[in-house]
Amino acid sequence: MPANSGSSGMLEDNAHVFPVRVYYEDTDAGGIVYYANYLKFAERARTELLRLSGINQSVLISEQGVAFAVRQCSADFLKPARLDDALEVHTRVLQIRGASVEMAQSIKRDGVDMVKVGVKLACMSGFDRPSRIPAPVRAVLLNFVNRKMASLDGT
Amino acid sequence: MPANSGSSGMLEDNAHVFPVRVYYEDTDAGGIVYYANYLKFAERARTELLRLSGINQSVLISEQGVAFAVRQCSADFLKPARLDDALEVHTRVLQIRGASVEMAQSIKRDGVDMVKVGVKLACMSGFDRPSRIPAPVRAVLLNFVNRKMASLDGT
Amino acid sequence: MPANSGSSGMLEDNAHVFPVRVYYEDTDAGGIVYYANYLKFAERARTELLRLSGINQSVLISEQGVAFAVRQCSADFLKPARLDDALEVHTRVLQIRGASVEMAQSIKRDGVDMVKVGVKLACMSGFDRPSRIPAPVRAVLLNFVNRKMASLDGT
Amino acid sequence: MPANSGSSGMLEDNAHVFPVRVYYEDTDAGGIVYYANYLKFAERARTELLRLSGINQSVLISEQGVAFAVRQCSADFLKPARLDDALEVHTRVLQIRGASVEMAQSIKRDGVDMVKVGVKLACMSGFDRPSRIPAPVRAVLLNFVNRKMASLDGT
């Protein structure tokens, strides 16, 4: 059962799949998940995508002095998730450049897209200067590239 | 001083301006505001834009059974905000349709854009069916329309 | 490995043990987990303690009209957790009364207590009237009682 | 009107009074404020108590290398707050020691206690060693001491 597949998710058909459970903390008085909280789910999944391949962001910072910062994101809220829902975040890498990477993420329930998220991340040194993505990270990201998918901005 | 202008913000040059202070809860281990939290600031400002004109969302729900749901949002993270920063959220209405509205928001520090947010909101009845925007709400939103600005999708 | 034991945790020596990973969203500009966020971890664990035995809180609400509300909580922050830490929440039931239950929770890293949490929960009907704890829930809670431990208030 | 008294709150009868508005982000699917979020309100108020007297925590860190960490907290949840509520956090200092301070906070709506919070804060140097509270901070805290109130632990 994917929801029990472990804390770092798994690689499935070129996508990283990460289970997320909806708790009270994630919901709001409308009875549904608060819109900004889906971006937390998406960030957890991106973190686990790296961790699944042995890359730990806090080690990246302490040993190489680099971190990823979100430069741009977009979200389409298609259907609302609710308390106790077992969601999955599917993450694919769209494009890798020297110091940035684009990903497409879909937050699904029972295989149905609930929220689609696009992000552009910049690799930063000291939190303020762009920096080349370290080679081992680049190698991991390449596993999640789906060459059939277009870039976020159509290129 | 804008940061002390009161909890519902103010109307300034066709934009709603709402002060937000950055607390520890908003920041992350990178020393900056966590990316999803800017969307909380943006939602607070949209709520206060309505409240400034006497429209209270919980009354909208209890009396008219309607609420706004975010359908789409995008964010450009230009500069990072930090602990104790005094920010301002500037909100303009781009386009009002029968059951939806588009807004452009800029989160600024000392007049400089830090994060730009675009949102499309749908007016919903019972949290699941599209509903016409009530006339008094529409009247308020019209005060924040800047006719010189283009729609989010260029129309 | 406990951190991968699945999303509902496990029963271990009369305690419910639930793994929690620390993400950026949980940390603050001090580089450590923000104090209120440990209470989110504790609530996730309490939810999974019930789910592990097949009790789903959203079903409790929809079918029986009851929910648990936190009446009191206390927390001792012994050591700070950091980004990427793999934590475990250990939960024991201290005392079960007709319409309330007391639990003791410890958030650990590598077996060391980081934060100790005590909570008193009230079973509520319609979110506002005390209600007897349903028998199946009571039966589950009894599995986590450690009769050697004292109640939170020493009784 | 207290809710509009400005972002740093005010001194009223030996207590610091700080207005907080409840937004969607603060609520959960139970229709009420999520229990951990009251601790965010309490922390905002403690921050503004210092700021009202010109003490900025990020300056404390950068210039003196000290910060306050929560060592202990307790909360009694008396009545639930809801979306759009205008709350006030009333903060008093109970006891000041060399490197720590105890405060009692009450989160009120229309003068009625909703949640009562007690906290013990430690002054830390470099986030890990206890440090004497700087004299200017101690002087500010003394303004909020109510000598008629007992310490949290009855001393």
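Think of it as A, B, C and D in the order they're written, each chain with its own count starting at 1.
Please note the rule applied: a residue touches a chain if its C-beta (ideal position, glycine included) is under 8 Å from a C-beta of that chain, and two chains touch if they have at least 3 such contacts.
What you see is a predicted model; the values in this text were computed from it and never measured.
Pick the pair with more C-beta contacts: A-C or B-C?
Higher contact count goes to A-C.
Going by average Cα coordinates, which chain is farthest removed from chain A?
Centroid comparison gives D as the farthest chain from chain A.
Give, as an integer number of Å, the spacing between the C-alpha centres of chain C and chain B.
Taking the mean C-alpha position of each chain, the two centres sit 35 Å apart.
Could you state the distance in Å from the CA-based centre of chain A to that of chain B?
25
With centres defined as the mean C-alpha position, give me the chain A-chain C separation in Å.
28
Show the residues in chain B shared as contacts by 2 or more other chains, in ascending order.
Where chain B meets two or more other chains at a single residue, that happens at 24-25, 29-32, 36, 40, 43, 58, 82-83.
Across the complex, what residues on chain D touch chain B?
3-4, 6-8, 19, 21, 23-25, 40, 43-44, 47-48, 51, 56-59, 82-84, 86
Considering only the defined contacts, which chain C positions touch chain B in the complex?
Within the complex, chain C contacts chain B at residues 24-25, 27-32, 34, 36, 82-83.
Which positions of chain A touch chain B when the two form their complex?
Interface residues on the chain A side: 29-32, 35-37, 39-40, 43, 58, 67, 69-77, 80, 127.
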